[in-house]
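Each chain gets a letter, A, B, C and D, in the order it is written, and its residues are counted from 1.
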Amino acid sequence: MKLAYWMYAGPAHIGTLRISSSFRNVHAIMHAPLGDDYFNVMRSMLERERNFTPVTTSVVDRNVLARGSQEKVIDNILRKDTEERPDLIVLTPTCTSSILQEDLQNFVERAKESAQCDVLLADVNHYRVNELQAADRTLEQIVRFYLDRAQRQGTLPSQRTEQPSVNILGMTTLGFHNRHDTTELQRLMADLGITVNAVIPAGASVEELQHLPRAWFNLVPYREVGLLTAQYLQDTFDQPMVAIAPMGITATADCIRQIQQVLNQQGAAVDFEPFIDRQTRFASEAAWFSHSIDCQNLTGKRAVVFGDNTHAAAFTKILSREMGIHVVLAGTYCKHDADWFEAEVAGYCDRVLISDDHNAIADAIAELEPAAIFGTQMERHVGKRLNIPCGVIAAPVHIQNFPVGYRPFVGYEGANQIVDLVYNSFTLGMEDHLLEIFGGHDTKEVLTKTVSAGSDLDWKPDGLTELNRIPGFVRGKVKRNTEKYAREQGLTAITAEVLYAAKEALGA
Amino acid sequence: MKLAYWMYAGPAHIGTLRISSSFRNVHAIMHAPLGDDYFNVMRSMLERERNFTPVTTSVVDRNVLARGSQEKVIDNILRKDTEERPDLIVLTPTCTSSILQEDLQNFVERAKESAQCDVLLADVNHYRVNELQAADRTLEQIVRFYLDRAQRQGTLPSQRTEQPSVNILGMTTLGFHNRHDTTELQRLMADLGITVNAVIPAGASVEELQHLPRAWFNLVPYREVGLLTAQYLQDTFDQPMVAIAPMGITATADCIRQIQQVLNQQGAAVDFEPFIDRQTRFASEAAWFSHSIDCQNLTGKRAVVFGDNTHAAAFTKILSREMGIHVVLAGTYCKHDADWFEAEVAGYCDRVLISDDHNAIADAIAELEPAAIFGTQMERHVGKRLNIPCGVIAAPVHIQNFPVGYRPFVGYEGANQIVDLVYNSFTLGMEDHLLEIFGGHDTKEVLTKTVSAGSDLDWKPDGLTELNRIPGFVRGKVKRNTEKYAREQGLTAITAEVLYAAKEALGA
Amino acid sequence: MTTTEAPSALSFECETGNYHTFCPISCVAWLYQKIEDSFFLVIGTKTCGYFLQNAMGVMIFAEPRYAMAELEEGDISAQLNDYAELKRLCTQIKRDRNPSVIVWIGTCTTEIIKMDLEGLAPKLEAEIGIPIVVARANGLDYAFTQGEDTVLAAMAARCPEAATSEADQQERTNAIQRLLQFGKSPAAEQQPASSKHPPLILFGSVPDPVATQLTIELAKQGITVSGWLPAKRYTELPVIAEGSYAIGLNPFLSRTATTLMRRRKCKVIGAPFPIGPDGSRAWIEKICSVLEIEPQGLAEREAQVWDSIEDYRQLVEGKQVFFMGDNLWEISLARFLVRCGMRCPEIGIPYLDRRYLGAELAMLEATCQSMGVPLPRLVEKPDNYNQLQRIEALQPDLVITGMAHANPLEARGISTKWSVEFTFAQIHGFGNARAILELVTRPLRRNLALGTLGGSQWVSEAVTSR
Amino acid sequence: MTTTEAPSALSFECETGNYHTFCPISCVAWLYQKIEDSFFLVIGTKTCGYFLQNAMGVMIFAEPRYAMAELEEGDISAQLNDYAELKRLCTQIKRDRNPSVIVWIGTCTTEIIKMDLEGLAPKLEAEIGIPIVVARANGLDYAFTQGEDTVLAAMAARCPEAATSEADQQERTNAIQRLLQFGKSPAAEQQPASSKHPPLILFGSVPDPVATQLTIELAKQGITVSGWLPAKRYTELPVIAEGSYAIGLNPFLSRTATTLMRRRKCKVIGAPFPIGPDGSRAWIEKICSVLEIEPQGLAEREAQVWDSIEDYRQLVEGKQVFFMGDNLWEISLARFLVRCGMRCPEIGIPYLDRRYLGAELAMLEATCQSMGVPLPRLVEKPDNYNQLQRIEALQPDLVITGMAHANPLEARGISTKWSVEFTFAQIHGFGNARAILELVTRPLRRNLALGTLGGSQWVSEAVTSR
């Protein structure tokens, strides 16, 4: 057992449902107890989805437990086959029902005998993988299912499209800013003269899957979902993949350069360098903004980054090499893919933290006292407690990650949005700080008894007066540093003189 | 004299400089004392402009005062003519130098004798008009100057373009979100199949002005700047104008419908209704968002709106008719155009306030205690003091109004951005409120001595206990209402029972 | 499948149970706040944890007094010792939080793997020295709000039969007295008012302001509340002596009612719930009648409240409301809304205890008859798909529904209100009748305000069929 | 136009004065905060008000203790009576804020319309009973930071010549004592330390922590500061007795220095400013020498500070810095940076009082010679256009400039630092030497961090010519 208050990645069935519900005309049957169907709420509420979520729970209750669930599950599959006429029904248990040790594959086989549609059992271990891994696996399973069949039926396309084309893999419902990222990637491909052969699974029908091999390459923007599929397509159809998240100016250029290489290897003769230069210096404002005088005061500011692999690694690099910010800690909760993360952020941060225990991250933040955090909703709340601003850069998703206005994270407009996010994270608090630095506008008697609470040292009135002149957002740090210095010097009383001597000695 | 802490619109010369600096290759000479040239700072800092601001101060100092400024002004005009080779130099005094009663027109005439470029004296009264009026006037002056000359020289175009086309008037440097609005309007016109003949003054050269009469109509998105020019073009060239700010779903549709009418009157046969319907219901998410369940809790929330005419009127209508929010007060600081505002918001708000005294607005907000404010930076700060969230919707501009990411206010994407702004204004505080409603997570001893401070009534312990259970953001109001009720009932002691009786009696 | 069982002529149906609702473990979200010295430990899977995290939204962040004991593969396959694992976690909770009670919330998974929580608890309780209460709030046996029922039933068993000491008695009584002081002189406050009637226990978790309001209303009739289940602190659980009277505040507490009757030998008063001025009056009248007290001024009180909500009432009059079924509040709300002038073609409800809800059902029937509107169809364990077909046919003015269906219905031009809001809002008693109508009329007022913006259809033709 | 006037071989030039800087009324932004019981009334036009609003950014919002007396058409055309108008405004200020002093800031406009502020003030002061200090911080006669000079010069005239009473003396002394207590026993604190040297007044507005730090440094040499101009409160203006010593903290205070010498008969000590370890040492040494005190441990103190800033010093060593000229801090900063190993081809400066800045100029020259670098070209009233041509030719590593030119220079690959930051930052004394280098190295560190991202040219070819 694990004492848990919060989890970064959801359970496996959420991943499976995110894939099945992303496809057009695919229905899922969730074999689970009453109340396990909150995926429907998340999708309906967070995405403001206008259609009913194509997930039906085949409810496991005490009666079903007693009688066995086979009949009910099959009935529900066949009922939905009739009512919804889907192309495919995906059956999934949840953590709970998966321990009933039923032969669900057999239920599926039985249902297939009567169903008009295809029926698949999602093939994941609910205790060994999380939402992200299950999503990756389910997407691959569905793609493989349809391509295998097409191969058997001889309906696979025999060659690539005439002009360079791409499949964009891994865009899903309830993905972190996936909708706007999809739009931005489509625009980027159009700018590069590359046709989008398919975007899967979001909005695709399973019928389209057989056309996947026509694309010149597969683009995997997020390594959490789509990599298995891209690997399968590479192995089976010799279709190259580009798996660089185009997040930030530099990574977007890297991604485009790799696309160029992949295309030219297949006989194209494209040169994207002028495009990259124009975008970087003029069309997108992100790089210029970083160089402009506004951002000068970000120099050397200390930040903590935490999130999924894709976003945490991308932000670590953006902050470090594109904005001159000092990343004191970069971390991910994607423990299953930790090696990649460590290699990716090496050289861009002081320290790496791989953990899905939110307390470990909260403790690290409290200890490091960064000027800003870029993390998940959980880190945002940690930041609130510690009075440290936090920009949200990664799932778990929250209503704020489904804005109506255009807010992509990838491509050149994504880079613009990101610098705004970073800049505002540091400065939203700045206005208050400025007011405080300038001592407010009227004299306030600042009698902070609390400031010396818990200290074994004797803060003299003049020392306290000076301490209270330090802006609130660094006062705690100055106090600790001063006390540390006093102890090292063997002083028991802290006067103004000691405070300033400490400040000089510690160079801050 | 007027005691002033803050002004909504700047002085006249700022308006003139916004126009001249918006044009390409136009230089301004500001005849003013040292330090009056902060326009250069604003443009450079706020817009992160990469080029030096084309404004040179011809400094008035004690020596110049003594000797007269004619020589210096003319020297500076001729020097800039040589150094910058502009198409046009605009001379403007500031409030200070305008009282020297010099014959600046004569300086201009003298300079013109030697200058390669055109030279104009901006024709505004610095004590009678503000920044917005001066901008409107200067734009018209420059347009009229070049069109008059073209007419004299016989270089005016003789007919309209073949396909429907538009001039977009009034897009300027340092305008509130003008850059992104320009992009969005260009996209909207492209969607409607309308060619953009000119966008002025932002980025235009004065050479292009003679082509203005070729467009089928003039679009004036902001009535503060461009209306005089459009009126002149209508009177002189019979060129119709559309002066509906396409802000919000309904107004955007209204604007498009008026464009349709204007085009069809000139022989086109366009039907934009299907486009409007598709955008409203599907392409833009703003209208659906308003109808979706997220926004249900905005119903009847009370808001105050304040800003320039265009934005304040547009937001009053958006809040009222597109989001179901109750606008208790709508106001503008554009006193010179108050009639239009009053007519525009009639029926969409309880009360109208026309004033450029920020104290009047602050007092009204304090008295009305709305759930949110939509105003300028000043109202945002008033909101901070009163703990009322505020979305910023109008100039005076601030660094936050020049985001790197795409944030238009007009058109369909503008409508998306606006609903985000509105929703987040109400809910940014919501999270804290929720925590408070649910009483936080651990029991806190809430001993608020202050809560009964200044009250002539005797709050009994049980009354205070109940009062402290009321979430903080409405506690003040409940307290006042309860005391009002108690006084009406002739009670001197307030118990829990009195508090709940008051709540029932006042229906809230 | 229609039954015509007494005492009403309402029609009852039972459908497939393919309906959306929240998991019963949801109750921890409000109970941990209500019981200030408690800690709730939900023993379940990642699925349970993720539900709490998402359904309870922001509340989880600021170190709530509840947590998951997340079962991992080793727990499921019984490679690990349940007792040792729970001991490890509870010891940590004791160290970090030191609650007065730990409530173990059993889930579907603990049912399926047959974890013997009731067997383990007394042993661990003795070992670590903190009371452990076990509640099986699982989705195999219970629906959404019934989670509270399982917890309160378990707590009912822990209430003392008599005060163990003078001091203890004093403390418990003071806890009640503290709720209400009415500006009496300090001397008067020291004297616990000795009531003239047998002890009366109120059961059901309500927000503190609601408890105060109900206490005030009852005090007006000279009725003293001897205890609340749950109390604000576990250490203040009420004394429940044999023969005490008890009355429920929430319609989903049939198991608690049964426990009070059977195990604690209480007399449970059957009454409509204090929802709306009509229900509030009926509730107080019933208590008075049982306690043999002549009620004072209730008719005036009811009339006054009707008067004060007339503006909202006019908005709903003549309109049709459809309950898809979620939290068991459906019948009381329907009864009040019918009295307000609405028609109600269907009441979906997860589960119906016709004995515990008997008085409410009778009042619903009487109300419909007195208002001259057809009796609603009562659908237990509804089938959401079928309901959506009926909604499409009926085109009601308002559908009260779980969160999953609200946006799709709105996109089809049907106004909705989340049923879950009635679970969290303050709705009991005379004083909160307006709050109920505030919620009910909000979508109606909204759609009036929005007028024809964009029309009412937000789905393209291709998909409206569904 | 080169002058070779004594006492240095530095070259001095004067250009057209077409340079960008802030208006001298800016000083209200820091002075109203420094003098806690003051109110500053800027008598000028909308242009002045809009400048304050924009230049001072957020500071204006929270009801600052300064405001505009905005001149309207009636004021300009003299249709309105100046006295009546000012009385109306000052009465309102007295009622709303009740400050201990109102400072009238005259502007260019009051100069041009020849408003007789000095004539009106005594009359109004007598009538409303609040001291009114008049300062002509106008842009016709003064540059940016000189606004402070006009205010302090006016205030110097208001300082008492001797304590008017025992109590008053006590209050003024305590005000100083309160700044510094050094953990002495309360008894000791009661006794104002009677110093062995003549009274020493420090003039120049510095942030409170800087005042404390300088006081500590001087106390180490046994020197007591008798008074500060400005004091934290107007009511605590220092006693300035004839023959007192005075020393300036800021390089733009020549008028105040003159006033102290001529009107208050002070002996103003000429010294380099306490900028950098070198300047701080020279400043203290000069004070010691005048007060005939043998300085203690200054060489060690200087060495220790140099040691502590070595990391930053290495970053600037061998680099070239160009001052466009803005706030009169240029010479002191250049002198310190040259000592750090930088080269400085040009120092633009708005205005140069060669007497008040004499010691600093001499030290600059000596420093350049000792570091073996060429003497900078000193350009008074620079012409920004010409400077930009020279910058393009020189390609310095860093340009310290006003805000208007920073972004365009950065876009052309030239690193910049806002000169205005040195006006607001804490830069005086040994303890803040690191802060100066922190600011100076920030753009250098930034551009190191960003590497080659996007290259260094952000303007298209068509416009790079400018």
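Keep this in mind: a contact is a pair of C-beta atoms (placed from the backbone, for glycine too) under 8 Å apart; a residue touches a chain by one contact, two chains touch by 3 or more.
Predicted, not measured: the structure shown is a model, and the values here were computed from it.
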item: Comparison of B-C and A-C by number of C-beta pairs in contact, larger one; value: A-C
item: Distance-maximising chain from chain B - centres being C-alpha averages; value: C
item: Chain centre separation in whole Å, for chain C relative to chain B (CA means); value: 49
item: Computed distance of Cα centres, chain D from chain C, in Å; value: 68
item: CA centroid of chain A to CA centroid of chain B, Å; value: 36
item: For chain B, residues contacting two or more additional chains; value: 45, 48, 50, 288, 292-293
item: Chain D, residues touching no fewer than two other chains; value: 58, 62-64, 403, 406-407, 411, 458
item: Graph class of chain-chain contacts, one of line, ring, star, complete, other; value: other
item: Residue ranges of chain B in contact with chain A within the complex; value: 45, 48, 50, 285-286, 288-289, 292-294, 399-400, 403-407, 413, 416-417, 419-420, 423-424
item: Chain C to chain B touching residues, read off their complex; value: 33, 36, 57-59, 62-65, 179-183, 208-209, 212-213, 216, 305, 308, 403, 406-407, 410-411, 416-418, 430-431, 434, 442-443, 445-446, 449-451, 453-455, 457-458, 460
item: Of chain D, residues touching chain B in the complex; value: 17-18, 20-26, 43-47, 49-51, 53-55, 58, 60-64, 67-73, 75-76, 80, 85-86, 88-89, 92-93, 107-109, 112-113, 138-141, 143-144, 385, 388, 402-408, 411, 458-459, 463, 466
item: Chain D contact footprint on chain B (complex, rising order); value: 1-7, 10-11, 13-14, 32-38, 40-42, 44-45, 48-53, 56-62, 65, 76, 83-84, 94-96, 99-100, 126-128, 130, 377-378, 381, 385, 396
item: Touching residues on chain A, where the partner in the complex is chain D; value: 249-250, 280-282, 287-288, 290-293, 295-300, 320-324, 431, 434-435, 438-443, 460-463, 466, 469, 493, 495-497, 500, 503-505, 507
